[in-house]
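Should a chain be cited, it is by its letter among A, B, C and D, assigned in written order, with residues numbered from 1 in that chain.
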Amino acid sequence: MDNSKTFWLPEKASTFVDIVDPAFNLYLYISYFFFFLIIILVTVFTIKYLRRRPDQLATAQITHNLTLELGWTIIPLIVVMGLFFIGMKGYLHMRVAPAGYMQVNVKGQKWAWSFEYPSGAVNDTLVVPVNTPVKLALTSRDVLHSFFIPAFRTKADVIPNRWHALWFQATRTGVFPVECTQYCGTNHSYMLTAVKVVEADAYSEWLATASDPGKGKTPEQFGAILYTKRGCSACHSIDGSKAVGPSWKGLFGRQENCGAGGMVMVDEAYIRESMLSPTAKVVMGYQPVMPVFQGVLSDREVVALISYIKTLK
Amino acid sequence: MIAHVQGDNINYLKTRSGIMNWLVTVDHKRIGMMYLASILCFFITGGTFAFLFRLELWSPLKEFLTPDQYNQFFTLHGVIMVFLVVVPGIPAALGNFILPLQIGAKDLAFPKLNLTSLYLYWLGAAIALWSIVAGHADQGWTMYAPYSLSQNPAVLWMMVAAFFLGFSSILTGLNFIVTMHNMRAPGMTWYRMPLFLWAMYATGIMQIFATPVLAITLILLLIENFFGIGIFDPTLGGDPLLMQHFFWFYSHPAVYIIVVPGFGIASEIIAAFSKKDIFGYRFVAYSSVAIAIIGFVVWGHHMFVAGQSELADSIFSFLTFFTAIPSAIKVFNWTATLYKGSIDLKTPMLYALQFLWNFTIGGLTGIILAILSVDIHLHDTYFVVSHFHYVAMGSTMVAFIGGIHYWWPKMTGKMYNETVGKIAAWLVFIGFNATFFVQLIMGSLGSPRRYYHYWDQFQIYHQISTVGLVILAIGLFTALINLIGSFWNGSVAPANPWGAKTLEWQADSPPVLYNFTETPIVTHGPYAFETEKA
Amino acid sequence: MSSNTENHAGHADIPGHEIPKSTIIGSYFALLFLTAVMLGLSQLNVAKFDIDWLNLHAIRTTLIMGTALIMGLIVSMFLMGLRYESKLLNLTIFLSNFVFLLIFVLFTWVDTSFRGEVDPTFNEKINWTSPVKHEAAGEGHEGAATEAKPAAPAAEAAPAATEAKPEPAKEAAPAAH
Amino acid sequence: MATASTGLPEHHVAHHFDSAEQEFDSVKTGMWLFIASEIMMFGALFVGALLFHTLHPAAFSEGSSHLNWHLGAINTFFLLTSGLTMGLAVIAAQHGEQGKVRMNLVLSIILASGFLVVKTIEYSAKFEHGTLPGRLWHAHGFTDPFSHIFFGLYFVMTGLHATHVLIGMGMMIWALYRSTQVKFTRGYFTPIEMVAIYWALVDLVWVFLFPLLYLIG
């Protein structure tokens, strides 16, 4: 079966495709039919009854015809009721997750996604096994977002302080883009990540390494992995360029002016405090938008990040 | 019959000239013209914002706008176009001018209230422009909580502006409904009223019953911003979905307030230029009122993926399909009106046929969004952007420009240049469809709306869309220059240049201060054309 | 809707209609009496009667709101003169208000009270801080500090939350189970 | 200056109306449409209140137990009596008794200001207890985590209603001024009738607001 992109619809990669695409194409043919019906009728009437003489009058004042009127009331009614049931039936499939699903918690925050696996692994891209139902429990740390995978034809808004559910079952391996479709601020269009669908054994292998990322790595290497995995890269650059947050290049040991907090020496304590309660001392010229990492980062991860920052001279 | 004062039969443009007389006038015709001028200015402002960020979208990389500026521009484009151009649009400009003329009255029921409505509109517009200076409002015209709860001063000013503009819209609707009930000319029963007035009546119902809920939503959002009472703010136990319910309970009837007046103008122009009585008058009249009523029960289809309960999703999807029936009736009746007519393709008729094309696409793309399973894929993508532009710009603004051309001789006493008008009409048609049809394809391919940076595969669609917008802008400016030029080099317009049968064409062009030298007696329907003697 | 030239029934060009003084004073005392009834009902200590098969609290609430409705009718029909209107226009305007409000409350209620039919975790608020919490004896809702896990256990095994049948039920209402 | 009430000028029907009756009908329908938009505004607030009542009944009962229903009852008495005096003012205007119209209007204004006085007493009590909405909350002895929302709604609804009482008083003062400018007869009593209808709306809203917030707890 050809899974590539068609004129109207993106590539096919989930079980929802055979719910949404047939309904979409059916409707496409209905709208082609009605559209060309109207346009052909209008063009034919216009050409046939064009006014040749300036004082030419209408040839007949036909003003009503009950059967015609009832016709174009009942027929559209039947068509739309049919469409309703098609949509309704498909919708129930797309909302009710089958038994035996694998659950992943998704956290959206201003302009980055993070995926937490039950085994404790945390990743910034969603890695799932093929042909197994996956249920995502979505929540947001700040404003509304929306988790949209065009290839899977599925989308769900991400609401702060609640878990919103979304399930899918990938039918083929590959990497499929994920987009945020609910407006959420400056980098709304950069809040992108990907779903990596892999074979079942490759998945369990990956899961094993991802569950304990620090194993066998020096704190600096572990810090580097966390830099991307925890979404720090969304706001802090490591090449010195100013982003939403201060750059980490040459940060350690520098004096920072924190406005009300006065001049602060950037040492281990300050970095730890800025991670766990970021609005305590905000560097001048930056917005206090950093999310709270208290309870999100384990102590080993904080140490790893600090040692990684130290390496960035 | 009370014959009015003799001295007032000079036309309304010349009787009491001078800026002060215009600013304190209570004559519905002058208020209509002032509304028309303001609305066209804001249409150009909103359009420029759209033009700038369309240029920015030429490539996925940064052209000349930063992401923040892009967000501010699409927010201002949305707010100015919705609250300042298309919602007041046809009712305030053409409705104010034409309604008393079409029912044979001297003026609206409450002239002073009409002037208050104009001043509230200007006050709201001033505050909206002030919000541009007072900071950067980048929350979109939908102002969803919790993003709009960030105490951003510009956002708060924009809410105050929307409050006054909503109040001005209520007063216009109130004036129209009372006038149509109590001040019709002798002999004009409800079924001898032109269909433009039925559309104004349906719009009035929605303005009266929907806009107050917008007022409450804005008050609650303002109080939530200042005191944080916790109704909408999720961090204080509130529910952002409740804000979406309050917002869309107004905003869906608002999109029908936008499009129903367009239906009214289309019925007038199609009947007049095919010299034929409208097909199925009562069906078309009742379908306007039916859309007004159904418009109140369908707002949930904006929230299918927002986390609404599945039962509510199903009920809203079921009810949304019923809005397709009155629209289908109207489109089929307009097509049937052309049958056996004598069709004269003047500029207004070109705009009316273009309206028919655009509204058919707009309506069809709307119904697919009501199909639950497909909407999960299409929601918040460019498909939705293209759908509501086909309806708001492709149907309403095209009908509005057609209506301005149709009543221009009556309003100004001058004829615009016909050939330039036709060229502009064709440019608008080609430009509009080039701009927005590709967005349908881009949207169903999965490109989200309000995106500053997009996937490279969508670049070709954005580029076609931007080129289309250039053609559309050229067409609109040609039409504007053609109309304004007619003040100087336009020929003097006769009382009834198109040979239409509705009452406003019995008054002079431009009409005297009290519309009719003596109150007309209505003996026949609004489209009683004769037939060709075989 | 008669056209405007037909004069009011009978006498020529006399606007409006007179509401007799006795009706006004009568409705005033009726309103005072009904207020007293409402206050009496609200002070009725429902716990005293230990009838358990009747939900007395709900009955008391409906009775109170019922008297409020009657008072509203008296005010609108007599004090506002809706009862004396010859044309039905003003009455339809007044009543259509309540039709739209009923639609609004009905659908928002359908949404809020049926959430979590398919996935119960949606209804549970997490990580939110109530200003009231600081006063209450320390418990109240989970503090913002800890990132709460969803109620549905995230165990690899089949989830306990909802034993969702793979084939959803056919009837229109969603698979509520 | 206006001499005895008989010396006041008569009202002339506006030029764009054909008869006094058409003018009165138009003004009354216009007033009813304005009342409709007011009812929709308050109605939307009531929908919000009803929703939170069903979602968090405990917070509502705890919140309303802290409200002083005696003051609410006095306020209800003030509004109902001022509704009576406004009704009598309309009847007096129809009988052309200009003096009685003014007396009733003044009585209504006094009763309305009584309502506002009681309102300020209630609000100051709330300020002391600290049960202010949202961030300003510093009350003690509340257990339900949602009770700050009840008081948020309480302040929004009673505040909006009090603003409408103020607007109503303004309209009464305007009607008082009109009674010195034009003679009220059975043919022309529109200003008094419209102010009476607006005041009856304020009564109507309070009749539903009072039990919802004070009594249902």
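Heads up, the rule we're going with is that a contact is a pair of C-beta atoms (placed from the backbone, for glycine too) under 8 Å apart; a residue touches a chain by one contact, two chains touch by 3 or more.
Source: prediction; values computed, not measured.
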Exercise. When all chain pairs are ranked by how many C-beta pairs they have in contact, which pair ranks first?
Worked result: A-B
Exercise. How many Å are there between the centre of chain B and the centre of chain D, using C-alpha atoms for each centre?
Worked result: 35
For this session: Using mean C-alpha positions as chain centres, tell me how far chain A is from chain B in Å, no decimals.
Result: 33
Problem set entry | Inter-centroid spacing, chain D versus chain A (mean Cα positions, whole Å) | 49
Exercise. So which stretches of chain D touch two or more other chains?
Worked result: 18, 22, 25, 29, 33, 36, 40, 44, 51, 134-135, 145-146, 148
For this session: Would you give the residues of chain C that are in contact with at least 2 other chains, written as numbers and ranges?
Result: 4-5, 89, 96-97, 100, 104, 108, 112-113, 118, 122, 125, 128, 130-131, 144, 172, 174
For this session: Name the residues of chain A that each touch 2 or more other chains.
Result: 88-89, 92-93, 95, 161-162, 164
Exercise. Which two-chain combinations touch?
Worked result: A-B, A-C, B-C, B-D, C-D
Problem set entry | chain B-facing residues of chain C, complex | 1, 3-5, 89, 96-97, 100, 103-104, 107-108, 110-118, 122, 125, 128-131, 144, 172-174, 176
For this session: Would you mind writing out the residues of chain C in touch with chain A in their complex?
Result: 118-119, 121-128, 144-147, 149-152, 154-156, 158-159, 163-166, 168-169, 172, 174-175
For this session: Flag every residue of chain A that touches chain C in the complex, lowest number first.
Result: 88-89, 92-93, 95-103, 105, 107, 118, 135, 137, 139, 161-165, 292, 294-296
Exercise. Given the complex with chain D, which residues does chain B contribute to the contact?
Worked result: 1-2, 4, 105-107, 109-111, 113, 170, 173-175, 177-179, 181-183, 208-213, 215-217, 219-220, 223-224, 227-231, 233, 236-238, 242, 246, 249, 514
Problem set entry | Residue ranges of chain B in contact with chain C within the complex | 181-184, 186-190, 209, 213, 230, 234-237, 239, 241-242, 245, 249, 296-297, 299-300, 307-312, 314-316, 318
